[in-house]
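One chain, subunit A, links the two complexes that follow: it is found with subunit B in the first and with subunit C in the second.
Here is the complex of A and B:
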């Protein structure tokens, strides 16, 4: 019988959205041109060649290695691209994705990537042409709201801060701005270097839309366990108790 | 039954920071991007840097080189209220470089050594046939309090230290033997009966028994010039010279070697263990200080034993400043960011509120302090309720959420409140530790984020070491410390572990956590830092009201 991964428990919208992110079955909401994604990433000028090994890997030859024979390389690895990154900051005020679920999405669905998870940022590193593809997928999909999520290589402070009055996530370096037409514009790259031209990232989600697509439990959205005085544990709590108890008891075993 | 505490203690601090009529619950705000000029301390820094420019002949402090010309202060730079005190200071005032009380805290530890007197007395009596009486001991202590700061005895033509530079140095003795203690001149003793509540005093005296110990605090200026490893050497030298003087010994006779051996090794209690070579420092340095010792150094348990949460919160403050800001932040990594990690645990009454909520919850459910069974079901219950309560407060008060620098602080505060609650409820530190780890997992599951990378390592695999039998990781929490395998590199944990250790014993109303000698030694009224009220003393330091020892202004031209 073929195994069907369950990914995550729970019947709430948060549980369902978490399963979507982990499985990679996410909805595409927009189509940001590849050149614009590359510009915001800031690793190479749009249209420029990739900085890959020279001479090319095929000419260099590689050591005999059973893993190399068993695993088909990603396009970036085959081309000998350098390793580059994209890093996201997702607001705690109902951003669709949150660090662990970006990481789970990457680890489960993106070959040859290295996700890293922190509280205020989430990074994925991969060969350059691979990370560009993974980044565009994230930008275009329901994992991202362009007002509540932004790419920040450094000075990431903002995920837990109150939103700006116009609904944008706080960014000390102001890498994005809300245009007069209601579209969000990217004006600086990941590390805050101004772009040659502003990039139109499209309209932000409404508050209702963000709440519908979010993966964060919150007391004013979908609470994980009710509220003070009215507890109602989600399956996520039961799962966590189960894992914690087994880890604790098995650590006790002396053998 | 304990007194119930007002909930949402943090609101007062938030009102002080943002203004009385500010909407603390709003999720949106206008960011005015006022830059560093909005903050009095940053303005002071900039003005002072300007004065220094000509003097130094080169550039220095300039916040406008930050982030490509965008300086700090794009958000509101808010001050910090030291929890349960009236002190409100700027964040910069809590960096240990700017806070002399924090420096003195560490100086008071590393300049301290506990040395037994009984072994030396046996050498004098049994080997040399000398008479040891209360009179000779008092005479010895008078000489010792002359010599220990660095003054001469026995020898001619010696140099000496200026008494004004070393006035913080002192030696007092203590004993579990009331009859002997009564014979010691008041100025030279730590009177256990006076310093501790009666029940604690009886327990301490029984644990110490008919032994006698010297609480030795060498001059602060000595350990600031050298290091903690100097303390036992400095003290042993003055002890030996004092014995020679007080008991009219021959300066070169072999018995002096026995006295030196007792003073340097056989009868010595260092404040910390040695570290492995890769983290090598001398003895009496921060990395080897166990959580149990830290819990015993802090003296809140003898002035407010009826409030175990308050006791534990003071230990958390001590430990987070010490382990995070000084040990990990400076000795181990070097940098300025660690202050932000630590302050969340002792400012703005956030951890206080979460702890008191938990303690009230546990008291209602289990019938009082240390009344719950020491079982992981209690950890599960308390950690779940406290973590969920704390998460809800962060969500309901966005100003509270952004009060912390980031997730690591939230994680430390939520898990510490869970651990302290469970340890007080059960009187068991390992149950508190189990609760800590459950809180971490629940937090991560609720918000899909936790702390920085290190939290993945330490906190997600942590439950497995709570009750582990493995020799290198199976210690009771009291005996674990900054150098415990999984704890050695991760900020935002060690101070809280010390607090959980303390909570177990405070819940049981114990007189001490792990070592009665440490508990009594730090009751010495001659210490410069106020070990009964850690947070208040840090506040004094931040408010520039604290005068530290070891200053050199007596021997330098005036500024």
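Here is the complex of A and C:
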């Protein structure tokens, strides 16, 4: 029987969504053209050549190494691309993903990437053509709600603030806007440089939809330990206590 | 038993559930103004810079944050922040029910009104360093002591004074 990896515990909708994100088995909700994703990332003009840090691996002549023979390089590494980044900010008001689960998703499902987790933002670094593919996957999937999540290379502090009146995450640099037709438009790249043309990112999720897809335990959504008066800790709490105990008492080595 | 006097001024904070767009902020502030009894009022929220302050796009103008002009009580002034909370001092508690009704009229979503102490009444060292001896004590607590420069728009009966340079 083939082995199926098991991810996060818990039977709540949040636990189930966290498992989905970690396993990479996420639903595709929209299809944003690759050129638009490249424009929002802002590292190169859509259609321009990739800048490189070394010649393609085939031309370099690699040393005789069993690891290099066993591991197939990613397209970006094979071509010698520069390492680039994409950084996400997810609102605490029921954004579908959160920094830790974007990082789990990246570390488990994306080859040759370096995820970095911070309190309000999550960055993934990888070779340029790889990171473009990973970013597009995140944009197109249920990991992203275009109103509550946005790509921000700097000035990320909207994640912890109340939402704007129209339901968008606050952004000091106004990188996204809600159009008259209800679609969210990307008007600037990650760092705040205006785009040549506005990018249509599609409709945002409704509040109920965002609450259904979120990976955030919240007292006014799915609380981690049940509601006051009816405490019922999720299995995730037990698991966290177990991990904490193993780590603290025996450094993960119970023998 | 001591009965609290109903003629003493009270300080309240209005906390809307969401950040207000300029049009809603104008509606709310006008509704508060019409209710009357205001000794002083302060709007608070995240800064809206006129240009990108740092990063690779430093200096790029942010057109969305320019010309956010609202008119309150017949005077126009430019918003420098996204309105997230309004703190005010009322002459007495009798204006509080009217204030609550004004918020209900102006805000399309829920809000909280807290009563407490929100403005300090003695100058801090920062106040002294910036303004010296403050003659009009109503100014105390109206601006962020950590702000790098004076960001203060005073609406008085005569004129609007805005001390805020572009950055």
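Definition applied: the second predicted complex is superposed on the first by the 231 of 255 C-alpha atoms of A that agree within 3 Å, B and C clash if a C-alpha of one lies under 4 Å from a C-alpha of the other, contacts with A are read in each partner's own complex, and residues count from 1 in each chain.
As a working rule, contacts are C-beta pairs under 8 Å (C-beta built on N, C-alpha and C of every residue); 3 or more make two chains touch, one makes a residue touch a chain.
Quick caveat, the model's predicted, so the values are computed rather than measured.
Undergrad: Quick one: subunit B and subunit C on subunit A, clash or fit?
TA: On the shared subunit A, the partners clash.
Undergrad: After lining up the shared chain so the two structures overlap, which partner does A:25 touch, if you call subunit B first and subunit C second: first, second, both or neither?
TA: Touch partners of A:25: none, neither subunit B nor subunit C.
Undergrad: Which of the two partners, first being subunit B and second being subunit C, lies in contact with A:51: first, second, both, or neither?
TA: Neither: A:51 stays clear of subunit B and subunit C.
Undergrad: If you tally the residues of subunit A touched by each partner, is the higher count for subunit B or for subunit C?
TA: Counting residues of subunit A touched by each partner, the higher count goes to B.
Undergrad: For A:165, is the partner it touches subunit B (first), subunit C (second), both, or none of the two (neither)?
TA: Both partners, subunit B and subunit C.
Undergrad: Once chain A of both complexes is superposed, is A:251 in touch with subunit B (first), subunit C (second), both, or neither?
TA: Touch partner of A:251: subunit B, not subunit C.
Undergrad: Is A:206 touching the first partner subunit B, the second partner subunit C, both, or neither of them?
TA: Neither partner.
Undergrad: Contacts for A:153 in the overlay, against subunit B (first) and subunit C (second): which applies, first, second, both or neither?
TA: So A:153 only meets subunit C here.
Undergrad: Have a look at where A:177 lands relative to subunit B and subunit C in the superposition and call it first, second, both or neither.
TA: It touches subunit C, and subunit B stays clear.
Undergrad: I need the one stretch of subunit B that runs into subunit C once the two models are overlaid. Options are 27-35, 261-269 or 495-503.
TA: For subunit B, the listed stretch overlapping subunit C after superposition is 27-35.
Undergrad: Using the superposition described at the top, list the residues of subunit A that contact subunit B and also contact subunit C.
TA: Touching subunit B and subunit C on subunit A: residues 154-155, 157, 161-165, 170, 172-173, 192-193.
Undergrad: Could you list, by residue number, the parts of subunit C that touch subunit A in their complex?
TA: 16-21, 24, 46-49, 52-57, 60, 62, 64-65, 82, 84, 108-109
Undergrad: Subunit B touches which residues of subunit A in the complex?
TA: That would be residues 18, 92-93, 98-101, 116-120, 154-155, 157, 159-165, 167, 170, 172-173, 192-193, 215-220, 223-225, 227-228, 231, 236-237, 239-241, 243-245, 247-254 of subunit A.
Undergrad: Spell out the residues on subunit A that touch subunit C in their complex, using ranges where they run on.
TA: 153-155, 157, 161-166, 170, 172-174, 177, 188, 191-194
Undergrad: Give the list of subunit B residues in touch with subunit A in this complex.
TA: 26-31, 67-68, 70, 74-75, 376, 380, 384-385, 388-389, 391-392, 395-396, 398-399, 401-402, 404, 406-408, 410-411, 434, 437-438, 441-442, 444-453, 456, 461, 463-469
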